[in-house]
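There are structures below to look over.
In the two complexes that follow, chain A is the common piece, with chain B as its partner first and chain C second.
On to the complex of A and B.
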């Protein structure tokens, strides 16, 4: 069967762009600091380079600390703190607490900060096995299990996704600038996917990469970018609220996917979340992550 | 420490470079150097970014998801990790891909190399030479340069998006092919917007060559792939300027890695002897003849000659690669008549390595896969892990030459040198 791709490929960002005519006085801008822990730096790089609305971002935010973009040491005070990446060393915990005590609004910036992300896959093996496979002398490297930042401090908002989505990011910074809560979606990716007139790939396509779609249990906000490109959702935004994981696993089993496939799919990006680790164990039943997160 | 002291002053001329967290690079690293009487007493190039153990946790994962996982090694060059992993895995499991897939992967990788060079030159490297802390003042004071930057990044990211689904962490490339083949119409539209920035690319070369780049010569062993008749991106023979010429399968018998106590990145050396440089300068030094005519003309215009031994000029080499890369993408897109393909394959167990050129240089991925498709061993060496040893070597050479300057200028020069290598510390501690 030939599945045609829907015509609307990317949202026209120009239409959603709000032009600020008068330049905002720098005193009115939100003082912002961006910190990086254990991650690929892709999310801050997206903000710096791939987002179309960089000029508008700079109108709203006054970056006091942003090492990848600026040669400037941290300057307090700041109101908004973005923390990118998961916690993987003891120093991160101390730094995180210091950030929390300073920032009015703390945002988990991307999948690694929100759920541990891809580096957290190592939590499913013993620390020693992982370290010995990489370094000849593991004693020279300091590392602990990867965990999301809300394990240690209160997080005000989560910008999920690998990488974060531009529309959601703009919604967040506009809301913070206007001192209101942003609209962060709780519904599944399926809603956005249907709004884009996509044919359901979970029903129509085969193969792990093309048909094993986690859309029904994954939180929306990505504008269904993967499924619109004929790629099954891999759950990088983590579980939606009230997700029905057992039914998702049954659907996968019905499609003939193996236990290994199901375990892999649930543990790629947000395997530490209570819901997805339940999915990973549901069928396989053997493994639990060595560092297991408290149920939300 | 008992140091030999200068009799005339009674005190040695002491210079210290201390940077805890190097700005405007990807990831986290610092330098500490102590220079006494123009002699380097201590030098530590410390990549302190926490290790992420990719080679460790990949073991036990399935072959079809590896390219997705490894693309998260780097936020700037995800496509390079993706295409390298795919090629290594396909080679290991005995799967062949279509010619169209190879061309699409080449365009994808090339467009991302150009994108990475643009961001490095404008946002990370240039502010040093223009006297700014960051690009933010440039938006106000040099709007022309900033607008040129925005035009270029939009056009190049657009091409990556058309093929890859989005510009960062593309998702259409999968094991065996693509989930979705873009239409010729969309490809040509993206190529048209690339044509509009051809002039901007030439202006970029002129802009970079007009910056006050320090004179510093360090004759390195330049290591890169060498193309036969096209500029190397996804395949080629591995050659060095010291005369090595091997296929990618022989990589491990010549290149070794060792772990150091003060840095999380492993250091790579060639034939157990010494450091080598990878990256745009290494590529151009070895493949100048394969550049497009426009790229050659502009190199002559700005007086860039190969072989070139100034590591600071890696920046200029990147600018020249932008010109060539845009031309290459337009040409490849023009000759491509995309058609829907269904890739059918059966996998067998095996092991193989693949080498490609990432924006920052030579990238090596190796995997051993069981007959069920489970990864048993992974070995990844990133461009910055290749370069780390050489960066330290160059700093060692540079410091005595500039030790008469004040501390701040010395620090600046060292930072500029490291930034010229366009390092990605996140990659190096993958």
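On to the complex of A and C.
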């Protein structure tokens, strides 16, 4: 084929890029790469907002790869790798292992990388049903069940949440820059909610959908942003360090929520975690959650 | 300490204005259908009944997040402490909460003195309000921490059928009311106060089934009682009971260093013994890894050990743990709050054989 070469672009796209270099000598900074797998890229987007508010992050990090903000292709070496999104194709596994072999510190970035997140809802159906729903010819794609990234590689730190929390992110990068482990607590959302003098949604709004708050079993770090705005906790940060799932299921049952409601609430973000999948099955003592039955 | 003088007060507004002149004043104001300690201004209407607020008033004396000091490297090591000279007033604090502050005074002013707490405490004016009605969860009469306050106040308000009775308990309180030129209260008013408070006492149906002096022996004998198992199985370990407790005092301290690593802040934050990480030490060793240990620790510490340690009871019967515990299991045919000390003690009074072969609802999750 003899195609005509397109005319050179006159628009200077470089000017529209976010400036990711700060005045500090780049040798002192941590070379960082941010990779994206199966997710909505919302955590990357949230990160751009943090940059906007906190230029000090750029005094610590030197991004070598960050697709949403820079045109640069991946440059090795890098020390810190943020991996966003869950694994859902066979190629992802190879890429993830290549990242692990290169990075000194690997961070699961957001709910999808940490627990599978929203894409993991498809795991409760057959893969065939999912592919048929989305693609006209399912034989052309070979997807697998979504997994959190620590299913395949060792993850040093988890930044949970949908999206990630600013304060927790700052704590992590300061700690990585100082070569110490970050202060990420395992306490429940209830602690941070009560410290903010909020009324208890679980106790006050009985019987309505909004009262279905997963706060007592969900790991905090979000500064109770949902419950402070009178929304029930969705459990996006996954289970806390010592969660009591049977009691949570009993509480929801006592409030009259159906088995379907309870399963959907537990499988919404972190259904792949051992604790929340237990909650999803607990109502009937079933082995397979609700979605699977529907697809079969 | 006997009240020095009793005065008549027509309405609260003039007293609020007098207190506001020199003090940053907090009071129980309505928030989301509940009461919460908030800053008040002349227009606000603090609740003078039995205000079981969401967080107790201790968060004003010992803030949830507190910058202990900021530090700076370079040119030596410099420390800057916050100035806590501001005068605070707790307007409408209920008798149980005043008693809880006395317990905190022993904790922060005992063998080791917390200067940050004491700076605030010394600058605090306590305008207490006797409870002429009692909230359903409260059992203050069991400890005699309410509904009447006998001492340790600067000013004490009691709601009467027409207006208020204002008692002055200290020179600090005297200074506030001196400018108001209030009329003296008559014996009738004092009689009405006694009648109203006796009615409130009679209305408090909830009662601890064991006498306070006997609790230490009672709980010691029942340390391995099987009733602890179903109780702790229903516990979320969420820490709500301890955060809402007016006598809980645990906090965590950590340093926050800025990226430049030359400046930083030392910060304290409330902690809770119900959390797994609370008793964790090096190499992930944990003194209270099991939920049952943490549950037992909280209950016995409140009801007995705190009295052994500090001489004042760790429970004032305010009912906040009852109110804010998210777990409401069925006990003896009734849906009750798990954290309720009265229910736990009642469970422990049952013979151990009653619990043999009982099906554990969720099994023990360590």
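The rule is simple: the second predicted complex is superposed on the first by the 251 of 296 C-alpha atoms of A that agree within 3 Å, B and C clash if a C-alpha of one lies under 4 Å from a C-alpha of the other, contacts with A are read in each partner's own complex, and residues count from 1 in each chain.
Operating definition for what follows: a contact is a pair of C-beta atoms (placed from the backbone, for glycine too) under 8 Å apart; a residue touches a chain by one contact, two chains touch by 3 or more.
Just so you know, these numbers come straight off a predicted model, no measurement behind them.
Look at chain A after the overlay: chain B and chain C fit there side by side.
Annotation for chain A, partner touching more residues between chain B and chain C: B. In the superposed pair of complexes, A:93 makes contact with neither chain B nor chain C. After overlaying the two complexes on the shared chain, residue contacts for A:141 are found with chain B alone; chain C is out of touch.
In the superposition on chain A, contact is made by A:247 with chain C only, not with chain B. In the superposition on chain A, A:198 makes contact with chain C only, not with chain B. When the shared chain is aligned, no partner comes close enough to touch A:184: not chain B, not chain C.
In the superposed model, A:38 makes contact with chain B only, not with chain C. Once both complexes are placed on a shared chain A, the shortest Cα to Cα gap between chain B and chain C comes to 11 Å. Annotation: chain A residues 230 touch chain B in one complex and chain C in the other. Across the interface of their complex, chain B is touched by residues 2, 5, 9-10, 36-46, 48-50, 52, 54-55, 58, 63, 66-72, 88-89, 92, 117-119, 121-122, 124-125, 129-137, 140-143, 162-163, 208-210, 225-226, 228-231, 234, 260-261, 264, 268 of chain A.
Across the complex, chain B meets chain A through its residues 21, 23-28, 49-57, 59-62, 64-65, 68-69, 72-76, 78, 115, 119, 123-124, 127-128, 133-136, 139, 150, 153-154, 157, 161, 165-169, 171-172, 174-175, 179-180, 186, 258-261, 264, 266, 340, 374, 415, 426. Those residues of chain A lying in contact with chain C across their complex are 56-57, 59-60, 174, 177-178, 183, 185-188, 190-191, 194-195, 197-200, 202-204, 215-217, 230, 241-248, 250-251, 254.
If you check the complex, the residues on chain C that touch chain A are 31-34, 36-37, 54-55, 59, 64-65, 233-240, 243-244, 254, 257-261, 270, 272, 275-277, 291, 323-324, 326-329, 335, 361-363, 365-366.
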